[in-house]
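One chain, chain A, links the two complexes that follow: it is found with chain B in the first and with chain C in the second.
What follows is the complex of A and B.
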């Protein structure tokens, strides 16, 4: 039913395309390296992806409303730093520290979103400012020292007995599912699409566009904080230098997933597939013995190729869907 | 047709057809050293004629002669090469470049592309001096000037090139009186040097002051060319309106409650405007809307009609006066600051620019219709009730006869008429008490237009208060019970739609553009 209402949400074959790319990558790396298709590889991946996954979800929403959020990497570092300092210096219990961390992220995102939406300043500029402020904040609360937390947070990232997956991965998957549901089936999701598609039309339909845009950025901040919690669980240290450049990895994953930078079009599931493609590529290329510079050059090329493909897939698909008598004949 | 030796430009049997014919057999002659005013109501074909002469459009039939030779400009560039230049109403300047850079944009630098500021400035001064704009600093960015000065710079830019024929489209709309004097001095100088000027304007006083002859267009036909000195406003309005006729409800296709004369008494007051105004757009509007009544708003394009609707709806806020509503017994003064507030008070607006401000073009019909109603179409937790949306949208699309494959079809695949119906359906779904329509028939095929007109009448019959802005007199009279006319931002008349003549409407439309009764000038001029 929802598909009949919202053709904007990628048809399954678009997701299938990404799944196919993913499978081809896995097959390719498995054939090239005897170590790739192994439990160790998948455990490494399972540990690495939760952070990028939840941040990519927030970035998907922001791109959907034709915004951009450059601050998520710094905000993640700040939130992880807040949590680390509270647990080491103030001896806060884990859940209280997580709550404080999430609130910090929410506040950062809400602040950027409100300033950008209320005074119509491009979110690029506002979040660039937030990127600097949050990074400064992270240095400030940690005194520029890395905090070691140890086993107190370790269980977030360790596999649950019997399940073989960590709470972080489970939570990240839950966030993906919930966010996709919100996008496709809720009023808020429709509003994001409407604002990204034609903000003035949305305003003239009675939407409080400022409020909804601010909410989207607040969510992106909240999800950045959640990513920080996951990373803390994995690395067990709060590093004020963490997450540098993470916003660009998130944008790359979202763009590979086919979300439009000009707004109004996107899918959370596809962003998640984008995250998987990037993670598999990184791990696979490393196992093939390709150097760090080489990895970056290849990843960059893949991003551009993905967007190119996406640009030309759209008109093609439209031509195919119009290739019927009557449809759009009056245009 | 004989062409006098002094003729600079002559058109012969000029035809132009877009969807419908807009010019029909126009024989127009412009002499050397003549200022020739072009007048007519909205859509009479003035702009089309000028666009053809300036090379923007090509005629569908007929021919043009320039200085006795064949003239067939295929582009603006061709026209300019022949010395024909047009100053558009919209400014064509680069706001962040300096006056000098704008004036000399075609030849900014030397052959190597290096700009010499001294020569640039000197050339700019020369061009400015021609319009007595010596006091302008050529290094100033254009954005720092008021709209009036920008308009003069635009004219100076055009005159910096060799010109034989100059077309001015409403050049004085943004100018102050001293600036108009400057412009007219320059026009006089052009006349002395043998340049021919085509001058489009609504302002009778200016035309009498500056023009030699006046040509009047009506429905694409050039109905008269007369000496400006001999023409008065009554005669002019008469020419523009055509043979006097009491309006007969158009085509009989729009079901009016009962014949022509017996209109039902208006219902309760749905909204009252008191001294409502917005700087630079309209002022001092006092008005009542009634339930069960269609109020038409006529006037020339740019008279402030769209601005009035937008202010009523909170899309732009009013800055003087207020509106009163029956919900609080007319005791409170309202001024909406956002469309959200207006909608909450029961007011909806079908915008004029449906592609830019109305529709989500690449989204589905269902999404476009349901957008404003979503707060009531969910399960209480924000999960959209797609079943209810589909039911509602199918029903509305059937009622409005929206031609579609399915509700999932993107609206950019629909024709203009069906797009307009989708936009209207968005407001019907909300079932508001007051619905404002801005040019509902624009870009819509004849059948859809008829259906939309019926629908507007039905809304009124169901007790809604409806307001329609239309530049087509026929549509306006067919739809409305009562018609008001805005002229230069002011209320210039109120008429019963059954008895008013086209001539009455036109006379009112021009009322506040005449001198002595100067209406509110657009207050956009920032520097004196």
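What follows is the complex of A and C.
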């Protein structure tokens, strides 16, 4: 009885440490800069995160099955490039171009996932190859030139009147909620955890691991494409150099969120908190005008500190959850 | 049953909040100093948004701006930010937005892309922020299409590259073969420098056998230069659109064992390139007084803020530094 409700209530326990880190960061920056704690800052910040958010969701799933996807930044650039070129050179309507872009991402992800799973090649290697191919594709599609799209895509990324947040942010939040639901409440979610915990055992108990793994990478590709659509709406520009190093930001956000690099353990909500922590850091450090080397050193240190914190959070949460039945039984 | 369970997290949350409050309380002890400063009219706040601060050229520019501000402490406040690598458009757009959020009076920007930064620049202008463009010029057609006025303060890159090209042409003979290593293809100054090099080569009757981009980066320039050297055994010179790439080209020439036959020129006069020019490993580079470029932009922004005049483009000087060792 108590075991069935466990996954649902374990969540806030694990997230609490991240929320605390986030609060500390916000309060710290607010105390340092008189401009930080304002509606404008937070709205600006909110409209900057949709791309990293959805890509971090895809990366969470990939890390859950003990894989890694290095290609998401390049795939995002390729998908945005496809969409941009279709809209400027071929005059495609917005939604058709979005569909083409999403299909491109899905295909890239499915290809890496299938090759990696079918021939048991480490996903690190396969997605490294995809990183190069997609980047080359982005240069090829755009002729290595930045395409300016202007207002045609602006409504994706521009804040909605009266709400202050962009459609992209709302969509990204919906993706987070849906992905968390899939992870915690569906068979597919259980399969991912089973594959990530012990792939061989999962296969022996009848899971078609190749198919499921390919599906996870395909999803990561699809989400990278969605990130590309958001990025295009935000920048109004299809840039063949977009998203260089984005995979590392995504992995950092996911790892800050406590998802294990060796698979089997993770949470989409916590990855989202990781994204917020990175975004608050970037905004705060920029507003303080910290020098570039300083920013990098501080950001790197916070990533390591957050993961260290995670090491202590785990046994602490376990100890607390062990007390719970006693506390609940008699009082 | 589950309700009971929630009391513990709540207690922890409370603890976290208290801790956080304690932290802010410490931070706020500086606060009383603020009103004193605000008694005098606030000087304008200027944000300098740079490209990669891993590139010495932009670091110098930022240092020049900081030194200028330190010399004129009362006249303005300065906040300097840069991006990680030269092509990180999204990060630079985010920086501009963050500067807008902090309510700066002017933004002096070296855009990573001549078109990609325009939508956000337009929003800044619409908010009444003075935007001054330095280093890499915004796409003129698009600026005109948007119906906004963003003045460009900076050197004439085409003219500077032409001057460097002329110095090189004087050391070569008509009919010689050379190659150009360009910057990121979308960037206006990359196009201008390439055009300037081509102007000079054309009028001297020198053949340009290859034009390739190395994205402003040293390592990429080294591999591009190696490939060009391999394909063109008679190559006499490499014209590089910035000094970082010239350093890469010099390394490639040295590795190919053709330092005696192939001349290298660059652009920007960064200190490492200047050393190579002094030692004769590079023939020439253009000095556009990089450390002052941001200062020129800031001074112009202050002028516009003070007088409210209509912004216009402004040219800043470019000189060629030539090796005396050859």
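Operating definition for what follows: the second predicted complex is superposed on the first by the 301 of 331 C-alpha atoms of A that agree within 3 Å, B and C clash if a C-alpha of one lies under 4 Å from a C-alpha of the other, contacts with A are read in each partner's own complex, and residues count from 1 in each chain.
Basically, a residue touches a chain if its C-beta (ideal position, glycine included) is under 8 Å from a C-beta of that chain, and two chains touch if they have at least 3 such contacts.
Keep in mind that this is a model prediction, so the values were computed, not measured.
By the document's definition of touching, of the two partners only chain B reaches A:187; chain C does not. Taking chain B and chain C in turn and counting the residues of chain A each one touches, the greater count comes from C. Of the two partner chains placed by the overlay, neither chain B nor chain C lies in contact with A:262.
Using the contact criterion defined above for the overlaid structures, shared-chain residue A:237 touches chain C, although it does not reach chain B. Touch criterion met: A:204 reaches chain B, while chain C stays clear of it. Judged by the touch definition given at the top, the superposed model places A:145 against chain C, while chain B stays out of reach. Counting contacts as defined above, chain A residues 2, 5, 327-328, 331 meet chain B in one complex and chain C in the other. Taken in their complex, chain C has these residues touching chain A: 1-2, 4-5, 8-9, 12-13, 16-17, 19-21, 23-24, 26-28, 34, 52-54, 78-82, 84-85, 87-91, 93-95, 97-103, 113-116, 118-119, 139, 142, 184-186, 213, 215. On the side of chain A, the complex with chain C involves touching residues 2, 5, 9, 12-13, 16, 19-20, 23-24, 27-28, 30-36, 38, 40-41, 44, 47-48, 51, 144-146, 148, 150, 154, 231, 234-237, 239, 241-245, 282-283, 286-287, 289, 291-293, 296, 320, 323-324, 327-328, 331. Those residues of chain A whose C-beta lies close enough to touch chain B in the complex are 1-8, 185-191, 193-194, 197-198, 200-208, 264-265, 322, 326-328, 330-331. Note for the complex: chain B touches chain A at residues 313, 315, 338-340, 343-344, 349, 351, 356-364, 366-367, 370-372, 374-375, 377-378, 382-384, 386-387, 389-390, 403, 405-410, 412-415, 418, 426.
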